[in-house]
Amino acid sequence: MTAKKEDKLVSLQQAAALVRDGDTIAMQGMGTQMSPLALVRELIRAGKRDLQVAMVVGGIGLDWMIAAGCVRKVMAIIINLDEFGMANNFRRAAEAQQLEIEEYTEHTILTRLGAGAMGLPFGVTRSGLGSDILGLHPDTTKVIQCPFTGKPVVACRALEPDVAILHAHRADRYGNIQFFPKPIWTDVDVFPRAAKKVIVSVEEIVENEEIRRTPERTGIPYFKVDALVHLPYGAHPCSLFPRYNFDRAVFQRYADESRTPEGTKAFLDEFVHGLKTHDEYLAKLGGPAALKNLEKWD
Amino acid sequence: MGTAKEYTIDELMVCTLAKAFTSEDIILNGTVSFIPVSAVLLARATHAPGLTWVAGAVGVDAQPGAVIGNTLDPTMWKNCVMYLPQYEDMWSYVHRGTLETFCIRGAQIDQYGNINNSIIGSDYHKPKVRLPGSAGMGDMGSLDKRIFIWSTTHNPRTFVKKVDFRACVGWLDGGDSRAKLGLRNGPQLVITDLCVMDFEPDSKRMRLVSVHRGVTAKQVQEQTAFELVMPASVPETPAPDREYLRLLRDVVDPKAMRKIEFRGSATKV
Amino acid sequence: MTAKKEDKLVSLQQAAALVRDGDTIAMQGMGTQMSPLALVRELIRAGKRDLQVAMVVGGIGLDWMIAAGCVRKVMAIIINLDEFGMANNFRRAAEAQQLEIEEYTEHTILTRLGAGAMGLPFGVTRSGLGSDILGLHPDTTKVIQCPFTGKPVVACRALEPDVAILHAHRADRYGNIQFFPKPIWTDVDVFPRAAKKVIVSVEEIVENEEIRRTPERTGIPYFKVDALVHLPYGAHPCSLFPRYNFDRAVFQRYADESRTPEGTKAFLDEFVHGLKTHDEYLAKLGGPAALKNLEKWD
Amino acid sequence: MGTAKEYTIDELMVCTLAKAFTSEDIILNGTVSFIPVSAVLLARATHAPGLTWVAGAVGVDAQPGAVIGNTLDPTMWKNCVMYLPQYEDMWSYVHRGTLETFCIRGAQIDQYGNINNSIIGSDYHKPKVRLPGSAGMGDMGSLDKRIFIWSTTHNPRTFVKKVDFRACVGWLDGGDSRAKLGLRNGPQLVITDLCVMDFEPDSKRMRLVSVHRGVTAKQVQEQTAFELVMPASVPETPAPDREYLRLLRDVVDPKAMRKIEFRGSATKV
């Protein structure tokens, strides 16, 4: 991919094709918030395999991907459905030892990605000192001594994911990605800087002139974006603050149905495999009126 | 004000935790933390108006009015003075010690306040039970936080002699073992569905402070897999002030979101 | 100082009193832009001594302070008057060996401050590898090897300045500091997080409610601010984008007059010592109409 | 287009540097860099419309129209698509290598393209002349940049055999000494008020490429304190295209801010 000032707008299928089997993908997500779930559904439909997924907080999208057999390894700090409870497919796969798990503290995985973003071989933190977490991955975290004070710190080996996938508010066709408000969560901040390729879906495509009127809103410059997909409500059932809230009904339904592998399969058949396009997905949710209803925040 | 006669355990836990907070505290909360967030809002509405709360680690001094969403949700950032950028700003204030107070729960808690929410079993890679993971506790345990622990499952499976996996560093192996590693602060208080506990200053072993109404010290010991430091006399946990209870029920958490915390608890609320 | 939610608004004199002789101060400034120069003038009038000034780009304010005898040591990457040429008092003091100079690359001094901000004993960069700059300060920069790859990196010892001084767009009385646009330069970003005390002057004081309407503009939260001073045009003769431009005439005059110690003294007598308050300073510039004229950007 | 007959050295330098840039380049500029910034704007207006420029390291793809302020000034960020936050974003794109091209001048430049703008003298702490300091060159030299060097003072005091202080790492001691340190890229081209030079691929010694109109190779060697690699024949630096010159004079830098660069130069412009 190049970083050129050219039209980056592609179809959902074309974007998914940039992710190759075996890739390490850095995937945005924070509980019930901001996750590129339309992209995730397409990765599942496209039958991706052996993915190594790096996240801070793994949620509903990761649980789908694990259930669908896309994932070989997860690197994260927690994987659950937030207030809706366990991520059951993660749990089952882990207990059946069908999934490689690299559990980190938040600041150790961020320091790994931050070093990747900075082109440094490693970074340091104090997070995790004294815990058993560090012992899980001596190849990527190691206690070393400060060369000035002798104090112990945790060296974290750089991680440069092959691809970062994100969902954001809007962009121009060149891939100048804007957020309102500007990046808050860690993944929006460091994932695109750390990854070799960056795929972003957005709610809205605007003219380049509109971006130039509001440069303070741009979070990722076009020269770091490889592919752009126009996917309104592309985070659903997660929220995209302040545009729309998460879909409590769909979260609860998945939490209930995913208690069994069969229930999970039925859910994925209905919400992923059974819908070939994002338009079909939106239609299934009940069309514009139903989606409008998600915009309530109280 | 006077104390209330009728209250439930969830209410008692929130009010007791709220009383532990002061106007000097700067508190940020993590995921699925309805009891701490209710306690923060309650403390701020009563004796600790100057308390600084960073809602979901993002919304500085937020004023959502009530618990209206999950505890990381943007609904809870309402009327904040700043969206704290996480990657640099939040982590620097956490690392540096400016944000000093954090509340944690977990599937296993041991006698020194070390906590585990990753796996149950003797081999991490072949777990009997796979839990969600350590989340922020793996950070906060090592980053000099004053840690308040809460649990709605006070039983021997949760309160274990030694955690199967030490995700959150409490007082480590007790005594000065935490300080020797160069870590400041540590676990302060443990509030469960049965009692309140703290840590004996020298040994850092968990110590019973008070038992909730209708619970005996003996019952607490029976539900704890390690030997508690047991004072000569153990009072009853003070009942909530009536005004605190009213504010909690009517203003702070009218939808009783805090009861989500009692999934899997033997205590019915 | 405390981080409490209380009124932080103080007088210029009270703010300056928080800086003690011998302090390490991190001082905002970028050539002709964004420097807390009204605060600097007061530090000079108050006769501060033995200050150790950490900056990225040292400019007109630092040159004044050196001329006035306030400074024992500078830590910076460059010290000049941007397009107006040399910082002559810096140059004279250095050549007379009356000034301790710790020259850094930009990313090594930032890594030192970043480690301070993170409460880490050191941080790492690749900046400066192979240069003579690293050899200047073996106590604060040292080449070490990556514990995973063996690659060389530069370890930079944490720097936690005693005080950071900044000028910003607006704040409420609690010290929630807002910028438009949000922090761009490194000093605005890392200095307040690294410093033990933070003093900020602002163009405008607004109600707390206004801050709560625009939280996306807040760059420094009240709990990190110790003192706040209301100083309209407080960066003058530097610019505060996009509110006002730098004052080309004053810069040029200082560049000319500072060619000699005598010229410098006359300038400082007229613009610093001769004006006891910020209001007198603004009046000297010609009052509101003249100041309004600075708001042109072309 | 045809080439111009009448041009000044500042114009020739800008046009020659502009020609070296392509639509693939991502270029950020530093302080007091009127010649590179003019060259960037000129290249973008002519053969390299896709060139990405980060004005003053802040204004991504800015369109100020002309050189209207100093080269770090916000006036130059006009119509940009993003204000690049410096501390994390800019430095990560620089460190990682996304922003790969940088232009540098200095008080001393040696035969391997190492540069010094810190001090003149044999003892850093007792300088004969104290210069402003290394600024971004101390970073860029070690961070894998393709470096374009410009100088308006081609004389033996500037072009020295060995810099008194190596602030910017060029080809170090020549040969593979830079690569051995693990550094990629390095100095590419040197454009002065007398000539254009590059670096001999194996030895990394500075090599004469072309001389400006009216200058001889011998004169260049006389004004250079080290021995230049001298090709058998040295052509004249191509005169600017007429259209480039028109754009530079009328559109890109109508106020001729670039002439500020010639303070202290023997070349009058």
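Letters A, B, C and D name the chains as they come in the text, with residue numbers starting at 1 for each one.
Throughout what follows, contacts are C-beta pairs under 8 Å (C-beta built on N, C-alpha and C of every residue); 3 or more make two chains touch, one makes a residue touch a chain.
Just so it is clear, the structure is predicted and the values come from calculations on it, not from any experiment.
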Farthest chain from chain D, going by mean C-alpha coordinates, please.
B
Chain C-chain D separation of Cα centroids, rounded to whole Å
29
Just how far, in Å, is the C-alpha centre of chain C from the one of chain A?
38
Give the residues of chain D that touch two or more other chains, as numbers and ranges in rising order.
83-84, 87-88, 91, 95, 143
By the touch definition above, chain C meets two or more other chains at residues 118-120, 125-126, 151, 181-182, 189, 215-216
Think of each chain as a node with edges to the chains it touches; is that a line, ring, star, complete or other?
complete
Sites on chain C touched by chain A in the complex
118-126, 139-140, 142, 144, 146-149, 151, 153, 155, 157, 180-182, 215-216
Interface residues, chain D side, partner chain C - complex:
31-32, 58, 68, 70, 72-75, 83-88, 91, 95, 117-118, 124-130, 132-136, 138-139, 141-143, 165-169, 172, 178, 181-183, 260, 263
Chain B-touching residues of chain A, taken from the complex the two chains share
30-33, 57, 76-80, 82-83, 85-87, 90-91, 94-95, 97, 101, 103-108, 110, 114, 125-133, 136, 151-152, 181-186, 189-190, 239, 241-242, 245-246, 297-298
Contacts from chain D onto chain A in the complex sit at residues 23-24, 26, 50, 52, 59-61, 63, 77, 79-84, 88-89, 91-93, 95-98, 143
Contacting residues of chain C [partner chain B, same complex]:
2-6, 117-120, 172, 174, 176, 189, 193, 208, 211-212, 215-216, 218-219, 221-224
